[in-house]
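So that you can tell them apart, the chains are marked A, B, C and D in the order they are listed, and the count of residues begins at 1 in each.
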Amino acid sequence: AKEAAPAAEKTFKVAMICDSSISDGGWGAACYNGMTAAAESRGWETAYTDAIDQSAYADTMISYCDLGYDMIFAPGNQYSDAVVQVAADYPNVAFAVLNGSTELPTANIMSILPNADQIGSIAGIIAGLMSKTNVIGFIGGMELDTTKSKLAHFTSAAQAINPDIKVVSAYAGSFNDTAKGMELAASMINEGADVFFGDASAVDSGARQAIDQANGDNVTIVDIGQPADLLGQNPCVVSSVVTDNAAMIAICLEKVETGTFGNEVVFGSLENGAVYLGKFNDALVDADMQTKVADYIKQLQDGTFGN
Amino acid sequence: MNEILRMEHISKQFGDFYANKDINFDVRKGEVHTLLGENGAGKSTLMNVLIGLYQPTEGSIYLHGEKVHIESPAQAVRLGIGMVHQHFMLVEAMTVMQNIILGDKRYKGLFINHDARRKEILELSWRYGLNVDLEAKITDISVGTQQRVEILKALYRGAELLILDEPTAVLTDIEVEGLYSVIEKLKSEGKSIIFISHKMREVLHVSDRVTILRAGKTIKTLEASETDGKELANLMIGRELVECEYRKAEATGEPVIELKHVSYNKASKHNGLNDVSLAVRCGEILGVAGVDGNGQSQLSQIVTGVTMAEAGEVVLKGCRVSHMTAADFIEKNVSHIPEDRNRMGLVGNMTVEENLLLKSTQNCAFCDANGWHLKKKAMRAYAETMRAKYDIRCQSMEQEIRSLSGGNQQKVILARELEASPDLLVAVHPTRGLDIGATRYVRDTMIEARDKGCAVLLISADFDEVLQMSDRIIVMFEGKVMGEYSGKNPPIQAISLAMAGK
Amino acid sequence: MQKTKLLNVLIPVLSILLAFVIGMLIILALGKNPAEAIGYLMKGAFGSKTNLANTVVRAMPLIFTGLSTCFAYRCGVFNLGGEGQFLAGSMAAITVTLLIGHEGWWVTIVAVLAGTLMGGIWGLLPGILKTWRGLNEMITTIMFNYVATLFMGYLYTTALREGSVPQTAPVPDTTKIGRIIPDLRITWGIVVAILLGVAIWYFLFYTSKGFQLRAVGFNPVASSYNGLSVKRYMLTAFIVSGAIAGLGGACDILGTQFRLISGYGGGYGFDGVALALIAQLHPLATMAVAYFFAVLRVGSTTMQVGTGVPTSVIDIIQALVIIFAVAGSSMMYLPKVRKFVMNLFEKKEAV
Amino acid sequence: MNWNLLSEVLISAVRMATPLLFVALAELYSERAGLVNIGLDGIMAFGSLVGFLVCFWTGNPFLGVLCGALGGVLVNMVYAFCTVTLAGQQIVYGMALNIFAPALASFIYRVVFGVSSTLAQATLMKTVSIPVLKDVPFLGKLLFDQTPMVYGVYLLVIVTAIYFNRTKSGLNYKAVGEYPKAAETMGINVVLHKYIACILCGFLAGMGGAYLTTCYVNTYSDGIVAGRGFIALAAVIFGRWSASGVLLACLLFGFFDAMQLRLQVGTDLIPYQLFQMIPYVMTLIALTIFGSKIAGPKSKGKPYYREER
């Protein structure tokens, strides 16, 4: 990458592109918040372009490059191709790909990779402890590898705690068909599911709505939010598995400033605090349960969970 | 004088063309006033202006002495003007009753009071002798009945002034008699009628006064009692009517086309054929007479391969062709002047030149390499020769053909169909809508083709045309051939009876 | 004659300008500087060699779907299935590439042929339904679009998936359609597109078959009376227009996108219809309008990035362009308007 | 399949059919007057945004629905002017609406909520259950425990059926779609009817859109309409341009969609995309089997000028 500019005056600029909307209350929002928080902490300027088609990924990034942006943040592996193409033409611009693969990084590309296994496991621990019906539900957006491993670890963690647990799961095939989320959740509730976890952005908010409707005034079916702390957004949210994108993005920004950007993957995990469990809804989870969850997460971190 | 309608200085322009120019016309209470004029003289246009369907370019209309501005047919209905259109305005998917009460604004209430309306309509139909089955769908009733429905529609709305646009064109003689009595009845009730026709006999029979239109202009208004057919005809055509007698030919050769017991859509009386046999030989014109809608369309389609017969045999120049398509017929040198030139004969959005060459672009004179390259120069040259030869009047050969006048459109079809020196020419209503000059031209050309040895099947609703041109005549009624007559000194009485199915 | 032709060009141009004026007013209302916005737009589309090239790259798929529309509509076939046929082409091309497992230029050719064929088949299906069962192609082609899109989803999430994201493996480097100039993204696909456009133009206006096809499109009844096989021409139009879109899909996947991915190909079909209609179904004009659409797309991306107006403003301007351009030309068919405009002309000439 | 599951599927089918039904009725009113409107998706998108906004601001879902419907009318006036007054091509303008209206909706949403990244949620319309009847096993929850909108749309189906089959005005309306010139000569104002048709179409399609954001999900997101307009278009053809037919077609689509989602939850073996194809493939199969013998109103899709021959 480029040598760090010696002049301290230079205001760095970072831009984010996103195929969904930044106000979707899910993935787009979390990523945008992550970027702005990180930028603020380091005094960067930000810009974003959201709700763009796949065919415009490259054009948009090129536009930012032409306008002198220092880093481009692409929150998803679906942007990898476009990033690789554009990065080759603009060696002086840094590109950070959230959830990018470990093979992706080059001289001006870095991957940011939160630990999906841990995220799934944390949700699984809560679900395994909380489910009374022994049926838990998972709704995915697209069959991303990260989503698949979240599902796998959600399942195995829950079953490690309660072997009778059955997982019902489905993919909505979309990140923004809210109505589909509702229908999927409704049918899972019908199958008896009482703890939900999802990885489908706006689809999840539909699911939460269906859960709230099924609950009425008495919350018996709950949802575990992600990737931001969603406590309070819906009555059914019991807690959230939070991914601290801001921390990881900030690492990238710092590397740009110091001229050490590139050829690297920034991992996010329980260990470095980029993945953590959000606050509990105390009305739904008693202190006893909360400590149990904390214990299991400790085990997870130690690598002793499930043994 | 109790004049109820006066139209002053009416002009109506379509594009650059004046369909009506400075027309003056009036109607008195309780009279039958005929508008007489050739095809395209502007009769229907004038009436459409009167009922507000078209807006006049200039001129004014007075009803009961008061100037009115008729903006829409709805207003015309309110003013007591009713019209039976030349091309019926019936919604096919609905029943007779529904068609009659359509747009009725006299009764309040949301729902249709079927019983009351039925009673009212039956009363009306009984009073004027207009029998119809109210529950029948329009598609299931005959053309004559459809017309009765149209008249009922107008009367039901309380029309004081009734316009009948060529009401007799689609009727048999007996039905025409029925119509006359309806007109008498209406007149006796003090209603006024505008009657449109170009048949002298009936004009003189029903009218009180006659106004003659020619080429969009009023020529003269006459008292019917003070004139005769000859004068009217001369005024209508604009010059002394030269009785034209074509020489009749007698053909003895092999039949070019032969139909043997052909049936198609047999059940239908109006658009089917029932066991039809006929033959056309080279060098003769076989005329098919009959009221429109007795299977003529189907006949013309079967002898040109557009549709296939359901039963029986079609033999063209000795080959069985019952299963061949229009393309094969064209290949076998059959030409066709179809009944509806705009819908079936021409591609309106293409140029005059392209329409002239519609059938022959695969011809090696106009293209190379199996149709993969058009010789534009050759096409242009050919089109220009045709323009000269057939006297096609247009601004340019690159003009869209829909902007040409009907007569010139027909000349384009004629040029296309006759230049191939066909063995068989099927001509359906070849002069419909043409002025006298164009009509003469078309007829002469067809006779010329016959004399060169072409077999001609002439289907026409214009009885006089069939009589004048045919060497033999057959009459069609409800899909059947009613009889065959010689073209020399044809037995007019017998033929018109046959046309009515007698 | 001259006047009509002039108007046919003038009206869309004026309409587009009007649409832009409205767009600029929106931008002004958002508190941004319209002049600056236009500047960004120009810079994005024409600012550098790379930008110019990007515009051409963006135009390529649009040219294909536009030409596909052009061909079908000229024959009276209202094919709205450009998108499905485009995707069918891409899917076939990538599937064949990945299944063959070898690399090289011959794979490219096989893949392009497979894409064209598959596009043709995807066009043939609604064609059969229309000629055999009389089903309205506007409905069936839309249904087939959905099926194609979902099938593509199946391919990239399951059948041909590679790696962590739902997407297929990329086309191997040596199988990609080559770039004309190595450091610009323009591929030989654009040459194919332009040649195809010229070929269609020649076919429609200078060959007998094309002549007949147009006749069928304008008036099927008269055509059948004049011995043309209407059903055969219509079926051909379905197949060929599908194949054109399919070829476009193949060129796009092998030259620009390299793999199937969620959201791929969205909107190309409808854009194709819109731009072909603006071009009044003239193949050469269709290519020009496709290029214009691409300018708008690429330029407006920079404009959005530069000014920070919402992306949807761009879509609004584009829709306005379509509405105004088409409304402008249909207005010309109204006798009153026509007369008025002609009068204007006459006056000008008189002066 | 157990009863409980069937009942769940049916309830979900009704829920999914309701917005479809609004929009299909919208198209029915449009096509009955001879106007084929393929811009339903666009109208719905705009309706859903307006409905959402009003509901979000006022907390009154009913007002939201009403305003959503009016928003739909507003957008459809573009179509009305271009196709009726300018006698332009109906397909083109329908498509233009599909590009224009969703973009406008998305634009307005962004302007209103800025770049704030919290999710705006509105209050949903409450279900009104009919006492006693709702406790009828199986049918109770299906028929008598729904939002007023659901009752409304079924009422509308009946009203529509009666309107077209029994009333004078309905007869005139149908005549406009069948043979506008004949209708004109009978004193029916064709242009007015066509505009009314566009108003009704915009109103109902807007309402269908607003239903999505005021009764179904409590958020607005771009792409929320998800092709429902096109399915509704197919439903009208499928239902042979009659109110009861449209009802059946929509219920059928709703059923397939609900089934599809249930099947997805049950199995992992078959890729979900294949399930998602079911509604479209079924439409194609059903259309192929029934053919299109009844082609609907005769003049549909054709522009009308009074002075044309």
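Points worth noting:
Definition applied: a residue touches a chain if its C-beta (ideal position, glycine included) is under 8 Å from a C-beta of that chain, and two chains touch if they have at least 3 such contacts.
It should be emphasised that the depicted structure is a prediction, and the values quoted were computed from it without experimental measurement.
Among the other chains, B has the CA centre that is most remote from the centre of chain A. Averaging Cα coordinates per chain places chain A and chain D 35 Å apart.
The geometric centre of chain B is 45 Å away from that of chain C, both derived from CA atoms. Multi-chain contact residues of chain D (touching two or more other chains): 106, 110, 273, 276, 307. Taken residue by residue, chain B touches two or more other chains at no position, since every residue touches fewer.
Of all residues in chain A, those touching 2 or more other chains are 51, 171, 173, listed in ascending order.
Those chain pairs judged to touch are A-C, A-D, B-C, B-D, C-D. For chain D in complex with chain C, the touching residues are 36, 38, 78, 82, 86-89, 91-93, 95-100, 102-104, 106-107, 110-111, 227, 230, 233-234, 237, 271, 273-274, 276-277, 280-281, 283-284, 287-288, 291-293, 295, 305, 307. Every residue of chain C that touches chain D in the complex is listed here, in rising order: 30, 78, 80, 129, 133-136, 138-140, 142-144, 146-147, 150-151, 153-154, 157-159, 270, 273-274, 277, 310-316, 318-320, 322-323, 326-327, 330-331, 333-335. Considering their complex, residues 14, 51, 53-55, 72-78, 83, 85, 89-94, 98, 101-105, 107, 109-112, 153, 157 of chain B touch chain D. Contact residues on chain C toward chain A in their complex (touch as defined above): 43-44, 47-48, 50-51, 54, 58, 150, 153, 157-158, 161, 163-167, 170, 185, 257-259, 261-267, 297-298, 301-302, 304-306, 308, 311-312. Touching chain C in their complex are the following residues of chain A: 15, 19, 47, 49-56, 58-60, 62-64, 66-67, 76-78, 80-81, 85, 89, 99, 101, 142-146, 171, 173.
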